[in-house]
Amino acid sequence: MKLTNLTTSFAVAAIGTLLTGVILVAENQWAVIGALLAAAALSIVLARLKIGMVLASVLNESSAWVALLIPLGGVIIGFALHEEDFVLMMLATVLIYGLACVGLTIQFGYAGVINFAGAAFFGIGGYTAALLGEWGIPSLLIIVAGGMVAAAIGCILILPVLRTKGHYAALITIAFGLLFRSFLEVNHTLGGPQGLKVEGASVAGHSLLDGIQLGSFQASFYLNYVLLALGVFTICFILARNLEKSWIGVNFDAVREDPIGASVFGVNVAYWRIMAFVIGNFVIGLAGAIFAMMQNFIAPSNFTFSDSLIMLSIIVLGGLGNLWAILPAAILVVVMPEKLQEIGEFRILVFAVLVVLVLRFRPSGLFPRALRKFRREVAQ
Amino acid sequence: MFIRAMIAAAVMFGGVATASAQTKETVKIAFIGPMSGGNSAAGIGGRNSAELAVRLRNADPASKYNYQLVPMDDECKPNVGIQVATRVSTDRSIVAGVTHYCSAVAIATVDVYHRFRLPVVVWGAILPAITYGNEHKEIHRVNGSMLDEVRASTSFLTGLGYKKWVIVHDTTDYGNGFLRFFKERIAETNAEIVSSFGVSADQQDFSAELLKIKGIQPQIVVFAGLTPLGVRIRSQMERLGVDIQYAGVSGIMSASYVEALGATAEGTVSVHNGAPAESLPGGRMFVEQYGKAGFTDPAEPYGPYAFVAASLIMDAVEEVGPDREKVRDVLNATKDHESVAGPITFDDHRHHAVASTKYVAQDGHWVRWEDSLYASGQRHLKGQ
Amino acid sequence: MTGNLETKNISAAYGNAQVLNGVSIVARPGAITCILGANGAGKTSLIRAIIGLLPTIDGSVELDGTPLSSLRPHARVAHGVGCVPEGRKLFPKMTVEENLRVGAYLMQDKQLIQKRLTKVYETFPRLAERKQQFAGTMSGGEQAMVSIGRALMSEPRILLIDEPSLGLSPALVRDSFAIIRDINKSGISILLVEQNVRQTLAIADYGYVISQGKVVARGTSEELLNDEEMKRAYFGIQ
Amino acid sequence: MAILFEYLFNGAVLGIMYALVAVGFTLFFGVLDIIKFSHGDVLTLGAFSGLVSFLALQSLGLDLPVVGLVVVLAAACIVTGAVGALIGQAFIIPMRNASGFNILLMTLMIGTGIREAIRLFYPNGANPKAFPALLPKTPIEIGGVFFRLDSIVLLGLGFGVILLTNWLIRHTKLGLAIRAVAQDGDTAQAMGIPFKTIVLATFALGSALAGIAGVMHGIYYSEINFSVGLLLGVIGFSAAVVGGLGSIWGAIIGGFTFAALQTLWVVVFPDASGYRDVFAFTAIIIAMTIWPTGIIAERYSERV
């Protein structure tokens, strides 16, 4: 049983890696559309057939260490395309957005705490990196600091978020996202609307903005960022998986599904909502810091309400609460508009229509989260 | 790649390169501008103009290459801009780029172009720092800078006797930049800025700001921002009875400003880098050809500069072939190069300074100040 | 006599949990038919399925030979099904009179509506005194009157009543059972869902006992009342 | 002193427009417990349909003063009402058992779609469009206070429409059904109320209010553009939530509160006018902390 699980996981990872590679490399519009159709067909087939259920439950029950297949696939793609700057940049962007979505999943997917200000916390991480970068602090520390500052500023919102719920809580995060952006724009100490230059990350004195050169092997500097993002993503992914499968995850489920019932059974609802919100913002902040370092530049217009929506689209399109769905959905949301450049001014319209259609006809996402095992048994 | 190699081989072994388009090597040029969102009118006008330059060149039997424009949308967002800039920079088949309308995006992307050695010519962004803020040889600009406009505008308006200014600016880098340079410039004159108001780029209602201005009673309201906001502020001044002269910057100078305001636009003064296209010999050609090409959207004021930028790049490619470094060097050395916007000369920061032209809205059109009924004294601005 | 309601073999489920499993009952014209069963047996689900709020996956519902299964709830009301839901379900932020008028929503004739209002106020004089009071602020007994009055406004041929005794004092329970009997005497068939076995069987003509979504016993009131086995198994009466 | 009245007056016009949008949000929330975020962009659609109908009238030579206004308002209401009901029918009712958040995101994207479609398919749609002056612009000055006649008419129109809506909800059969569905949808159906029809009627009604707000916006600012609805939608939503979702009076209070906050900031701190939205949204977060379910609290009991 264990062995089949592992084989299945490997197969899924291999297919995923292959599709990702094809979508990333495809230059031709038809190739892109073909790959997308193949992915859509795959997702529909998986949903219709029993094999989809089996797969979902295999991934759900598998040990968190199966997540190590992600860096494996990522490294394979990364090294296979080590000279393609743009492709690697997209890959790194996908991973960074994916990382932010791990944070959102902990908040919204696990504990049901809604956050429409994802881009704002992403931005807080980025601005932290910009400010600390000037002081020559080690990059990894800066990334962690980005997460901590995002988590700390998120704490200001905790009181109103705890007191409200549902649409009222949604408004609070929307308002925060909007005010964060206009604050950055009118406040000149943080670069104002023109934004800030950000120091690139460096590891052991070696700047990640320099390409890798090992003998005859020459790689784009974006490979560095792919590896960095891949590393942080995998760590957070595994931690989040362990969180989900532990008793903390059970508490989150209880708080999300039935807060009143949970409190009757002695679950401290407020405590778990705070935990999810803070941990989630920390992860989003990490992502923002890496993003700022990779782009070398940040400006308030990177962190608008619609950017928050893009992040939320990823977790909803993928399947709320399913960590495994984040990467395919992030590829779809981040890469597709870029690949659709050929249709120029129509691409936002096309994107909006696609999201609407998916939400309408696959409301639980392309890869719905599998239920916890004990719950399935109760249902049957 | 394969096809290109085949063509190259055919050309080499065929011995004679015929003039027919099929045997010409294709050279790709990128165009980047905002083609969706609030600034898309300018972006689409720019893309059409650059496309026009490419079509005209391809129709010219004397050209050595067949050109292809690769248009990209930066959504006027720095992160998207960096993404598409990386995309075109790392695409080795692209030789050069006609890039950016929004200053924030242009500033964010200069390092990308430098890193990947892609020569670009900015066609619309006017913040000085784009060319003066770095030493990158890849970055050129044909459309002048904000400083040119501020200089022209300040002397024009103070010359008309407007000494007590209020500035309303949008809180993007564009409006803020203008505010800064106006402040510096006004300090050197006997005029003063009595108050300034920052407004966000998507704000709809300005009654609070305008009523405050009504209380201050300045001689002139100078707006630094783009058309949509400029239109809203002007029409709300009318509604609230703020009967004060209104002036703008190049950002409001579009056909839709006068269309959207109708009679209310009358008497708005503004400045714009470069003379009106119609008044130049090449400009007349541009307007004619643009009309003939059958584009559904207007060229917008910065269209001619996108045309110029694309032409400059193609001239350089004709001269040295599709090689990024060579094209960059040719562009760097541009001096008195004829174009529809007059002769282009790059300074040591690869910036082409332009003499801004003064305009006034008259009978539903932007008219050069010197040619207007206002300059001849038949009509009067407010407070004159 | 009309008001003959029949369910044939209906099944329904909430997600994966089947709540009705082939239930067939008949509510005869002019009679009081009762459905008995423990908590969670599927009584309320049956009512919801008859009125159309719970979609059935199998079986049919007919009123006087007209199939109702394909109709939406409001169309079933138009065919003569009235409903007094479990817990009375008044519209709390509406006045008594507005609650009653909702019951007459499908009627166009203003005079007819007025006539029925008058009739309900005659039946429940207490409501006439409190026409303008918000329903949410009334006592349990008064709410029960509004709920029954509201259902009568549409002049149903059959009235479905779900747990009228819920949350009422014994005296009020007695009153409401008396009212139900009076309504029945005026010619309306009644399908009554209850847990209160003795009082229900005292007024009912015929009854069904359901458990786990299935009919496990049926018979006249006397038959059920005297069935010792039933009592022990389903009513908890020693 | 005179200027103070002008602030109040223009703040009131702004407030009434916000309130009209907020009432729509509150109606949708009332009947289905959902947030329909495409509302702001439906408003834009209303303004543009009004403009198109006016241009059509003009080309027929029928642009008479009163007729123009009536036709433009009617066109805006019909188009927005139909589109509002269509969105409900095609996207919201089939999804009403999905999470409210899915619907929020979906309608946000529908709004984006409408906005982009206007930009792309209306001729030269990315640029602002002049909106016809359908009302006389006669300036009026009373004791140094400057008004324009059309502003006063618009304010009256706005209040009139809100009072009419309130009357419709309180005293008509349709209103009775809307309130019944809002308070308990299942029971309303069991009493013979055609649920779907009423929900769609509510969507049409709320959206038509946005259509009116769109036309008012056009007349008041003499200009419309494809993105007017974006910010108005967010503000209308904020107003509805701060007022208390589901309550019409809450929506009106919320609308005026928001207008007051924005105006007040610029009046008190003119040099920091750029911070007005920062201030307004901070105030909203604080208000939500004090009144977690809005100023007019939504009273619902929770089932334990």
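Letters A, B, C and D mark the chains in the order given here, with residues in each chain numbered from 1 onward.
The definition used in the following text is that a residue touches a chain if its C-beta (ideal position, glycine included) is under 8 Å from a C-beta of that chain, and two chains touch if they have at least 3 such contacts.
Computed from a predicted structure; not experimentally measured.
Taken together, subunit B and subunit D share the touching chains A. Should one ask which of A-D and C-D has more C-beta pairs in contact, the pair is A-D.
When each chain is reduced to the average of its Cα atoms, C sits farthest from subunit A. Overall, the chain located most centrally, as judged by its C-alpha mean against the mean of all protein C-alpha atoms, is D.
A straight line joining the Cα centres of subunit A and subunit D is 35 Å long. Centres computed as Cα averages put subunit A at a distance of 52 Å from subunit C. Centroid to centroid, with C-alpha atoms defining each point, subunit B and subunit C lie 75 Å apart. Distance between subunit C and subunit D, defined via averaged C-alpha coordinates, is recorded as 42 Å. The set of subunit D residues touching two or more other chains comprises 116, 274, 277. Touching of two or more other chains is recorded for residues 182, 185-186, 345, 348 of subunit A. Of all residues in subunit D, those touching subunit C in their complex are 173, 176-177, 179-180, 183-184, 186-196. Within the complex, the subunit B residues that touch subunit A are 35-37, 40, 44, 47, 71-73, 76-79, 82-84, 86-87, 89-91, 103-104, 107-108, 111, 116, 127, 129, 171-173, 176-177, 198, 200. Contact residues of subunit A toward subunit B in the complex are 84-86, 89-90, 93, 182, 185-186, 188, 192-195, 220, 295-299, 301-302, 338, 341, 344-345, 347-348.
Against subunit D, the residues of subunit A that register as touching in their complex are 108, 114, 157, 159-160, 163-168, 170-172, 174-176, 178-179, 182-183, 185-186, 260-261, 264, 305-306, 309, 312-313, 316, 320, 345-346, 348-349, 352-353, 355-356, 359-360, 363. By the touch rule above, subunit D contacts subunit A in their complex via residues 29, 35, 91, 94-95, 98-102, 104-106, 108-110, 112-113, 116-117, 120, 234, 237-238, 241-242, 245, 272, 274-275, 277-278, 281-282, 284-286, 288-289, 292-294, 302-304.
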